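Scrolling down, you'll hit the structures one after another.
Each of the next two complexes has subunit A plus one more chain, namely subunit B in the first and subunit C in the second.
Let's look at the complex of A and B:
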């Protein structure tokens, strides 16, 4: 029997993806399909005075113009945490792109032309587009206080505030104290496949949704609640996605499509353009003010920070984003006294949602830079400085939570070694280090249904969705090993709430561990049941039958699965099902609802070559070292680390979603929102893995996927700082920004960059 | 994108007549890499698109003609960038053509289209300016030739009159030994519009032609002459002369770069382009 786990088996569906054979949501053919187009305004915040749809309705081929008047009152609202997002703008648009109506027509072109003929009388209102504006006294309120009467923040633009502290939270004295404010811009996910949402009436009295969605179960709840339907009457099919990165996590326009489908009695699809996708979800901007105290020998004495995250007009999943980032305010370091106050701040900007790395990158940008600054001031080498503050395996990281579950010093040292940390620097070059750490969603459950068919092949039915990350492949490898059957005999059915059992989310690097364990449990149940069937059919007691390596061992004989099943059900009939479940413990006393099952940690090392005259720099090396316990599929794991870190290279060097003074995007689309090309990526990348089989997942695995995108920017900035002698507080680190800093420095030398 | 009529004339006369007849409602299309993007964004909405690719008397060749290298209106940028005579005699143009867009775009986009689009940031404009190119036009009143420095009138505006089409671009062969180079700066290393670009041609006699892109409403050509340009020394005198030449520029701040950064980079790129051009001067006896 071939060993599958630990091998770089080719990604299932990989060939179809790169040859264009994969059917994406936009490719689906449906008889009678109507095409939808959102009606939006050319401004951010506006009071809607009236909507005149007659001219649009008269366009040939238009089937429906749905306005708020066609929806139930009060306006249905939904969201993963707060039910605060209206199906259509409710009297006021809250951001540029907020839909006021929607058109359904025979073709996309007709829908687009008709949408332009919907006349919306409106009055533009002043809005808030930055943290500072939103928190200013007398700032216009983004959310009506009546939407959240019980919130202590209802009369402000603060959605919520989280406070974490340990040790002596008031500690404020140390040999060296550094205080600085760091800024991280809004960024968009830029999945190559834009969002697609479709809905159709489903007999009887139900609705089916096809969506580019990572989490079909939370979406099912949102649609069911918006329409007042039982969950059983809503089927959500998560199509295979061309990239998601968190941007496709939570409900967007699916409830609207459901209303439209029920009203027209036809299937309806809304396929966004890339530019429209920018307005459907983006990363929260961050402003972090951090005050750090260090002893003379470079150890953290205290760290106090205020982190403000600029979110959109709706809460979406930002409570988790901000609270989780603040909760691990120590990063990967031993900080005896810590205090973090973090806020999510509403604004009249496109919705902030999950983005690979969740809230960690905004916070780690500050924390890692503080360590560099301190190292320089104390005259301690940056690697040594970090090693002195990294806790040992088994040591407490956050009081009361899971202790350190890896050899983190080993990981950082490996990264430093791979980048040539101790080798002489070529002129104009600099090197940098940073550590990214986060944890998966706590307290969540995954269920898996495994079916062993009459011929010994198997189907796994799981709520995990496939967006290119390769979960299907990893699951097949895990099940192949557990059942002892060839990888090729396994099919994985993903993310269709009408067919698969429950899964919380496909996010936070949790699927391999959580769904992987559920699959293992399901396979164990299959083996138990098969043993029992065979025992019964052959008249022996069950304890005398065992299953291993895909064979059923009876006292007198050995059967393969097909023979065992047929011996019980008859030739060509029957199957054996196993239902597995894996749940992370829920703890109502825990600030996040439960402890971390593992720490997802990664070590970055970079080298850059800086052109001082232009500020341009080239990444000559980028090393990642991920502590992943056990790689089920090493190529896939490295692919995740490379993909995440290259995505972050763009975020570090050039990506920022810019709004004008009226909240309208300045760089809406690929022409002016720049992501790296092959010419911008590092000359050399290396992705190394630490495998100590010390994770809670199958075969000792920990999760992977997000970590690559957590702390590349500080590692790059650290290298540029070493090369130039200038240090940085604001992203992206464009050539122009580097040049400006160097010019400033000519006038006033910077003392915080590493030597 | 708004729907439009499409015509594919087979002669220059027919194409020109269509453009005259439909006036501002019509747009000429060769590679389409600017036009289609503008139509997609809604920036242009022509009622008629006149496809020039099947016009029999428009060539896509590059050939020696009367003391010049003639580049046909349908020659794509990739062909320009790869052509041995262009690389040898007009390296700044080869370099500029070779950094526009991606390989796919360069195989589609034409040199003539790049100048007719008249973006102030057009990468091929500064090289054509330093090489003193002539733009050969065909129109309702016959043929005429316009010096490239008179071709650009403003962003998106050229000397083309109603119904006029670019038939070819001539690059006069230099009289004596010259060296030339192209430099640019963009937000990323490829597939981007220039934040600024500079082309430089230096003759063995010390005649210097510099052209700047994304530095004003049109690409700008400036000239000077002096021994100082021939010396491989970064002297203050050289700096002052280059500074003086850049005074003609009027850069703005936009999403690609700030005005002061553009100004500073024009200086840096001018010096770098000059250094490369000087190195490329043939060794004198």
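Let's look at the complex of A and C:
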């Protein structure tokens, strides 16, 4: 039996991807399909006075123009946490791109042409597009207070506020105190596959949704509640996705498509353009003011911060984004006295949602920069400074939560060594370090159904979705090992609520651990049941039968699975099913609802080469060291770190979603919003893994996926700071920004950059 | 829509006669008329390279090319690359190198690489990066894609000192 776990087996579904055979959502052919187009306004916030659909309805090939008048009153609202997002704009658009109506027609072209003929009389209203504007006295309210009568923040633009603290509140005596404000811009996910949402009537009295969605079960709830249907009558099929990165996590236009499908009696599909996808979800911008105290020998004495996240007009999943980021306000460091106050602030901007790294990158940008500034001021080398503050394995990180579950000093030292930290620096070069840390979603459950068929092959049915991360491959490897059958004999069915058991979300690097454990449990049940079947068929007691390496061992004979199942059900008949479940503990006393099952940690080291004359710089080295417990598939794990870290190179060097003074995007689309190309790859990249088999997942695995995208920006800024003597507080760190800072510095030298 | 125009285009070795609208893109024809959905639509404005196909051996963004411009030409899409069950060396190399994550950019990326290796059978890493810079990938960080292209190059060169064909 080949050893599968720990090998870089080729990707499940890889062949379909390299031949173009894989059907993505926009490739699916459906008989009678209608195409939908959203009707939107060329402004952000506006009062809708009237909607005239007649001219659009007369266009040949148009089947329906759905307006709020066609929807139930009050307007159905939905969301993963708060039911605050209307199916169509309810009297007022809240952001640029907020749909006021939708057209369904025979072709995309007809739908687009008709959408332009829907006349919407409206009055543009002043909006708020920055944290400062949204919090200013007298600022227009984004959400009507009646939407959240019980919220203490209902008369402001604060969605919610979270406060975490430990140690002594007033322990502000330190040898060095540094206070600074850091800014992190809005960014878009830019999955190469734009969002696609389709719906069709389903017999009897139900609806089926096909969506580029990471989390089909929360979507099923949103559609069912919006339409007043039982969950059993809503089937959500999560299609294989062309990248997601958090942007395809939570409900978007699926409830609207469901209403449209039921109204027309036909399947309807809304395939957004890439530009429209920018307006469907983006990363929250962050403003973090941090006051940090250090002892003379470079140890944290205290850290106090206020973090404001600019979200859109709806809560979406931002309560989790902001609270989780604030909760781990110590980063990967031992901070005896800590206080974080974080707010999610509503604005008239496109919806903020999950984005690889969740809220951590915005916060870590500040925390890591503070450490660098302190190191410089104290004359302590930056690696040493960090090592002095990193807790040991088994030490408490956050009071009452899971202790440190890895050798973090070892990880950071490995990254430093790989980048050549102690080697002489070529002229114009600088090196940087940073640590990214976060935790997966607490308190959540995963269920897996495994079916061992009559011929000894197996099907895994799981709610996990496939967006490129390779979960199908990892799950097949785990099950192949657990059942003792070849990888090639396993098929994984993903993310169809009509077929697979429950899974909370495909997010937060939880699937390998949580669903992986559920699959292991399901396989164990299969082995128990198969042993019992064989025992019964052969008239021996069950305790005399064992299953190992894909064989059923009876006192007198050994059977393979097919023979064992046949001995009980007869030739070619029957199968054995196992249902496995893995649940993280739920703790109502815990601020996040439960402790972290593991800390997802990664260490970054960078080297840059800066041209002082232009501010342009090249990333010459990028090293990641991820402590992942055990790599089920090393190539796939490294691919996650490479991809996540290069995504963050964009975050650090070039990406920002810019709105004008009226809330309209300035760089809407691929021509104007730049992401890294092959020309932006660092000259040298290295992805290293620490594997101590100390995670809670199968074979000691921890999660991977998000961490690569957590703290590249501070590592790059740290390197640029060393190369130039200037330090930075705002992203992206464009050549222009570096150049301006250097010019400024010529007039007034910066004392906070590392030597 | 305005009147349609007849075109004859060879797609993956097969001659196709079609009546196309003057504003219809090659991408739309491939995907919607010929059901060749391996060619992907993303940005629709020639920036992402997901729709890359070969036209007379040259890599083009099929979203920017009108179908009428393909009249009389030879178009190769990702579906035409493998020989039966046997994958093209680039397809094989992408799988082996772990260069495929979501796979949405993969068809366009591979077609760009086919065009590169046809004109430059032994590219340097810098040349490979330059040739593929018009194809965006958001998953992989490109590291394994470049590796795959460099791995495939020698497998496509004829053994001995024969000329490239």
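Operating definition for what follows: the second predicted complex is superposed on the first by the 753 of 755 C-alpha atoms of A that agree within 3 Å, B and C clash if a C-alpha of one lies under 4 Å from a C-alpha of the other, contacts with A are read in each partner's own complex, and residues count from 1 in each chain.
Just so it is clear, a residue touches a chain if its C-beta (ideal position, glycine included) is under 8 Å from a C-beta of that chain, and two chains touch if they have at least 3 such contacts.
These numbers were taken from a predicted model, which means no experiment stands behind them.
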Fit or clash - subunit C, subunit B, common subunit A: fit
Touching partner for A:429 - first (subunit B), second (subunit C), both, neither: neither
More subunit A residues in contact - subunit B or subunit C: C
Included angle at subunit A between vectors to subunit C and subunit B, based on C-alpha centres and rounded to the nearest 10 degrees: 40
First (subunit B), second (subunit C), both or neither touched by A:741: neither
First (subunit B), second (subunit C), both or neither touched by A:645: second
Touching partner for A:220 - first (subunit B), second (subunit C), both, neither: neither
Touched partner set for A:666, first subunit B, second subunit C, both or neither: first
First (subunit B), second (subunit C), both or neither touched by A:679: both
Partner chain in contact with A:14 - subunit B first, subunit C second, else both or neither: second
Overlay on chain A, subunit C to subunit B nearest C-alpha distance, Å: 5
Common ground on subunit A, meaning residues reached by subunit C in one complex and by subunit B in the other: 109, 669, 671, 676-679
Interface residues, subunit C side, partner subunit A - complex: 1, 31, 35-45, 47-48, 50, 77-79, 81-82, 87, 91, 94-96, 98, 100-107, 110, 128-130, 132-146
Touch list for subunit A against partner subunit C, complex: 8, 10-11, 13-24, 26-27, 29, 109, 189-194, 240-243, 245, 273-275, 467-470, 635-636, 638-639, 642-647, 669-671, 675-679, 681, 685
Residues on subunit A engaged by subunit B in the complex (per definition of touch): 109, 613-614, 616, 653-654, 658, 666-667, 669, 671-672, 674, 676-680, 734-736, 739-740
Subunit B residues within the subunit A interface of the complex: 3, 37, 41, 185, 187-193, 255-258, 261, 264-265, 268
